[in-house]
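Structures for review follow.
Shared between the two complexes below is chain A, which has chain B as its partner in the first and chain C in the second.
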Partner chain A sequence: MTADPMIPMPFRVVRQRHELRNVVTLTLEPEAGGRFSFQPGQFNMLYHFGMGEVPISVSGDPAKRRLRHTIRSVGAVTHALTRLRKGDGVGVRGPFGAPWPLAEAEGRDVVLAAGGLGMAPLRPVLYAVMARRERYGRVTLYYGARSPADILYRKQLERWGKRRGIDVRITVDKATPAWRGHVGVVTRLMSREHFAAGNTIAMLCGPEVMMRFSAQTLNRLGVSDGRIYLSMERNMQCGIGLCGHCQLGPTFICRDGPVYRLDEVLPLMKVRGL
Partner chain B sequence: MQADGSNPARVIFKEGLQVLLDRLKAAGYQVIGPTVREGAIVYRPIDTVAALPAGIVDEQAPGRYRLGEIRVGEQRPLFAHVVGPDSWKRWLHPPQQLMWRAERKKRGIVFVSASAGGQPPRALLGVRACEIAAMRIQDRVLAEGEWPDAGYRERRKGVFIVAVNCGRAGGSCFCASMGMGPEVTEGFDLALTEQVDAESHRFVVTAGSPSGQRFLDVLPGQPASEEALRRAREQTAKTAAHMGREMPADAGSVLRASLDHPHWEAVAGRCLHCGNCTMVCPTCFCTSMEERTALDGKGTERWRQWDSCFNASFSYLHGGPIRNSGAARYRQWLTHKLAHWEAQFGTAGCSGCGRCVTWCPVGIDITEEVRALGTPQETMRHDGG
Partner chain C sequence: MTVDRLMIEAVAAHPLFRDLPAAEQRAIAECTGETVFEDGAMLMRQGDQAEHFYLILYGMVALELHVPGRAPLVVETLGKDEVVGWSWLVPPYDAQFDARAVGMVRVLAIDAACLREKMARDHTLGFVFYQRFLPVIADRLHAARVQLMDIYSHPADYAEAPSAGKKRGKGKR
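This part shows the complex of A and B:
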């Protein structure tokens, strides 16, 4: 972090990886050297020269020196960011926001539920869990994507499912003839058999409707609201609670979130257009 | 009253006020004060007492603001007005601010801080109690959080505040019910109470800081008598008793309980979503960032400017605005100001200045809206409200 949190730190793209249609992962290094420390769930404001800034969750390994962000091209700034190439400069402010509850998850079963690009902010959780696998109970990832071609980090997840002690369960909304896996919404993957409901921490990331239904299903399976966490998203301009854009009722998502415990935000999520 | 029994307050006259301005300027301050521009009283740099709105009074009501003249005998009071469309926010949290510059070089992007330095410290003349309260509210937001705004803190730290106790309440004023005025009690360097009658035009001046006291001690005038101080207090108390409006005491809990109230649709039907209320509000702090690139593509500037939660783009997220109805946007403004601010910053976000009431083009009065929202929903439905 620079002395003034509003001024970006200069970084350089060292790798640009095409993930899916309109989705790339940028690997970044600070021009000044050194390492970038963050906690899983935190985000940075990424700046593209001449275009502007957007909040993007960190999607890489917290133990690694280099910084990784997975970005979908949905607007002018994200489009420009996805077109950066190796050697291009980029500005980074952060890390900001509250992280996933990894310490609280120790000694418990861990359930992750991701929808679409919501997989990106949850990947650092998987890295962190695998680094200290013995500290956690059963780890299950439920991941719903639109189609087989929209499964983010597919090869990596399949590999982790086979060899790294993570129960990876993927479903798609729309299958193709070659798809042999589950079809349907992510909640249909969830089962009591996968975790000890009374001793589980769940982390959800995806569209709000997907998170609400996932939480309802987990509730039904015995996981209480106080053990369910989710990552919220709003317009952000500053990342430090000064610009006012990311308010959700009495909270600022940049400062009090993006990761919330469900019982803190559920009443707010139920109010339309808050 | 000081330990030795002497009274540090003084009575000064218009000439004394000019001496104060001169001394502030000599001490390096840029003096900002109320002055008339385009039919309204605004806060701009002033050099002399002659720039103050002598004999001007403002008539205010929901959606209405008119300047008129006032005389007391031959005297023309300088502070008979209350607050106008401008606020001190303009000088402490400016409408537009350059945050930094960047250049694209071979070795990546170079960021250069646009430091807030280089501006003189400012003396603010004519600051009302509600406006000091508004500054204290913005201090909590912009200067006292985990990530303070460096520019705001710098500008705020240097200000010298010459406050004025309001001699009358405006038609939209409700500071008394917010507990934020009209008596100036803290957060000032000097406080004036203007006393005008047919024979004389004087100011009872008290100091609120050691720095204020040093200025006060050398002003031409005379020590204030107990009688003069008592009259000043009575005058301010009378102002408190004549507030144009009153905010219900339970506004925060009313709003927290009415997020789904049908009245939001009713008020949104009147609201033009113009954002005037947020622009004139002395506590509204929301901003957006803007990229201003040079034509040659080599340099760029990052500007921050006031934004309003009434703009649809304010809550834009890929796909569209989160608050995509007028009702949702009106609800955001009012619940933030009067309910959620409390949870965020430990204080109400409203000082009761009444600007939003006066400057709303359709005259929406937030004190009335809170009362309507406090009405049980069933009643609203039956009444067709």
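This part shows the complex of A and C:
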């Protein structure tokens, strides 16, 4: 991060990879050289010069020098970002926010539940866990997507599931005739057989309704609110808790989140309008 | 009625019946057999009499709906320990979905007529069954509702939907 967190650092696109319809992953390098350090779960403000800035979670490997962001084109700025090509410039402010509780997860079973593009902020957790696999117990990823064509990082997840000591379970809402995997909501994949409920840390990322139902299911399976973490999303703009756009009750998601322990935000999630 | 000891053990080991008294486990076992379905085999067909329901021991079963002119629509898949079929509890006992084995599937197959007869004679057993099946049905209903919400779409996908009765024009979106 620069001395002034409001000043973007110049980065350059070194690779643009098409992931899904309207979704790309940009690989970025700082123009000044060196390495960009972040912790899994943190986000950056990406600045498309002349267009504006958006908050995007880091989706790459925290051990790597290059920075990766997976972006869905949903508005003017994200649309412009997804059209960047190798050599184009982009401004980066960050990293911001609270990370996933990887240290607390050591020595325990780890459950990750992702929905849709919520897979992107959880991918750094998988990289970090695999780098020190011996420090964690069983690792299970439950991932729900709209259809087989909407599964993010599909080949990589299939590879990891086969070879890297991670139990990868994927389900889709709408199957195609060729799909031979699970169909149904992500919570229906969850089972006591996959983790020791009393010694598990769960990390959830996806649409809020999906996280709420996932948390309820995990509760039912014996994982307490104090062991469940989730990544919240609101209108983050300054990244440092000054502007107030991402206020959620008494907290600012950009500064105090985006990763929260469930018991910290559950009462707020139940308030309509927040 | 004689019943295989292994079958009683298999029924007693299933999460749905694990905590039942031994007499009830035995009564269920008297209506139960173990069956294997090969990949693609049908466990039940939509509209047919639901003569059995199944408890999955191994493998995956797809519940499908048939729509003329389209490929079968898989609405849900079920895995180990899950129940396939509850139409056997609801007159006129017609199966509402196709159930197809995805890969090899091993199940406990429970004879519906046999069990209904026992439930009619022994209301305690009947109560126990309804008590255990209602949460299964509620869970499926809840899951179906969540699935209908299309939760993985971006809010922007819906923000542009035209309001009822209005045609989508060429103007601002």
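Rule of thumb we're sticking to: the second predicted complex is superposed on the first by the 274 of 274 C-alpha atoms of A that agree within 3 Å, B and C clash if a C-alpha of one lies under 4 Å from a C-alpha of the other, contacts with A are read in each partner's own complex, and residues count from 1 in each chain.
Definition applied: a residue touches a chain if its C-beta (ideal position, glycine included) is under 8 Å from a C-beta of that chain, and two chains touch if they have at least 3 such contacts.
These numbers come from a predicted model, not from an experiment.
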* To do: Spot which of chain B and chain C makes contact with more residues of chain A, would you?
  => B
* Is A:D150 contacted by the first partner chain B, the second partner chain C, both or neither? -> second
* Could you tell me if A:R188 is touching chain B, chain C, both of them or neither one (first, second, both, neither)? => second
* To do: Classify the contacts of A:V74 with the two partner chains as first (chain B alone), second (chain C alone), both, or neither.
  => both
* In the superposed arrangement, does A:A175 touch chain B (first), chain C (second), both or neither? -> second
* To do: Would you sort A:P10 into first (chain B), second (chain C), both or neither based on which partner it touches?
  => first
* To do: Examine A:E31 and indicate which partner it touches, taking first as chain B and second as chain C; both and neither are also allowed.
  => first
* Looking at the overlay, does A:I240 come into contact with chain B only (first), chain C only (second), both, or neither? -> first
* To do: Identify the partner contact of A:D109: answer first if only chain B is touched, second if only chain C is, both if each is, neither if none is.
  => neither
* Asked: Now for A:D61: first (chain B), second (chain C), both, or neither, which partner does it touch?
  -> neither
* To do: Find the residues of chain A that appear in the contact set with chain B and again in the contact set with chain C.
  => 74-75
* Sort out for me which residues of chain B touch chain A in the complex. => 99-100, 102, 104, 107-111, 113, 141-142, 145-147, 149-150, 259-260, 285-289, 291, 293, 297, 300, 304, 307, 309, 314-319, 322-325, 327-328, 331-332, 335-336, 339-340, 342-344
* State the interface residues of chain C toward chain A in the complex, per the touch definition above. => 60, 62, 71-77, 79, 81, 102-103, 143, 146-147, 149-154, 156
* Residues of chain A touching chain B in the complex -> 4-12, 31, 47, 49-53, 74-75, 78, 89-91, 233-235, 237-238, 240-245, 247, 249-252, 255, 271-274
* Would you pull the chain A residues touching chain C in the complex into a rising list? => 72, 74-75, 115-117, 144-146, 150, 171, 173, 175, 177, 179-185, 187-188, 191, 206-207, 209-210, 213
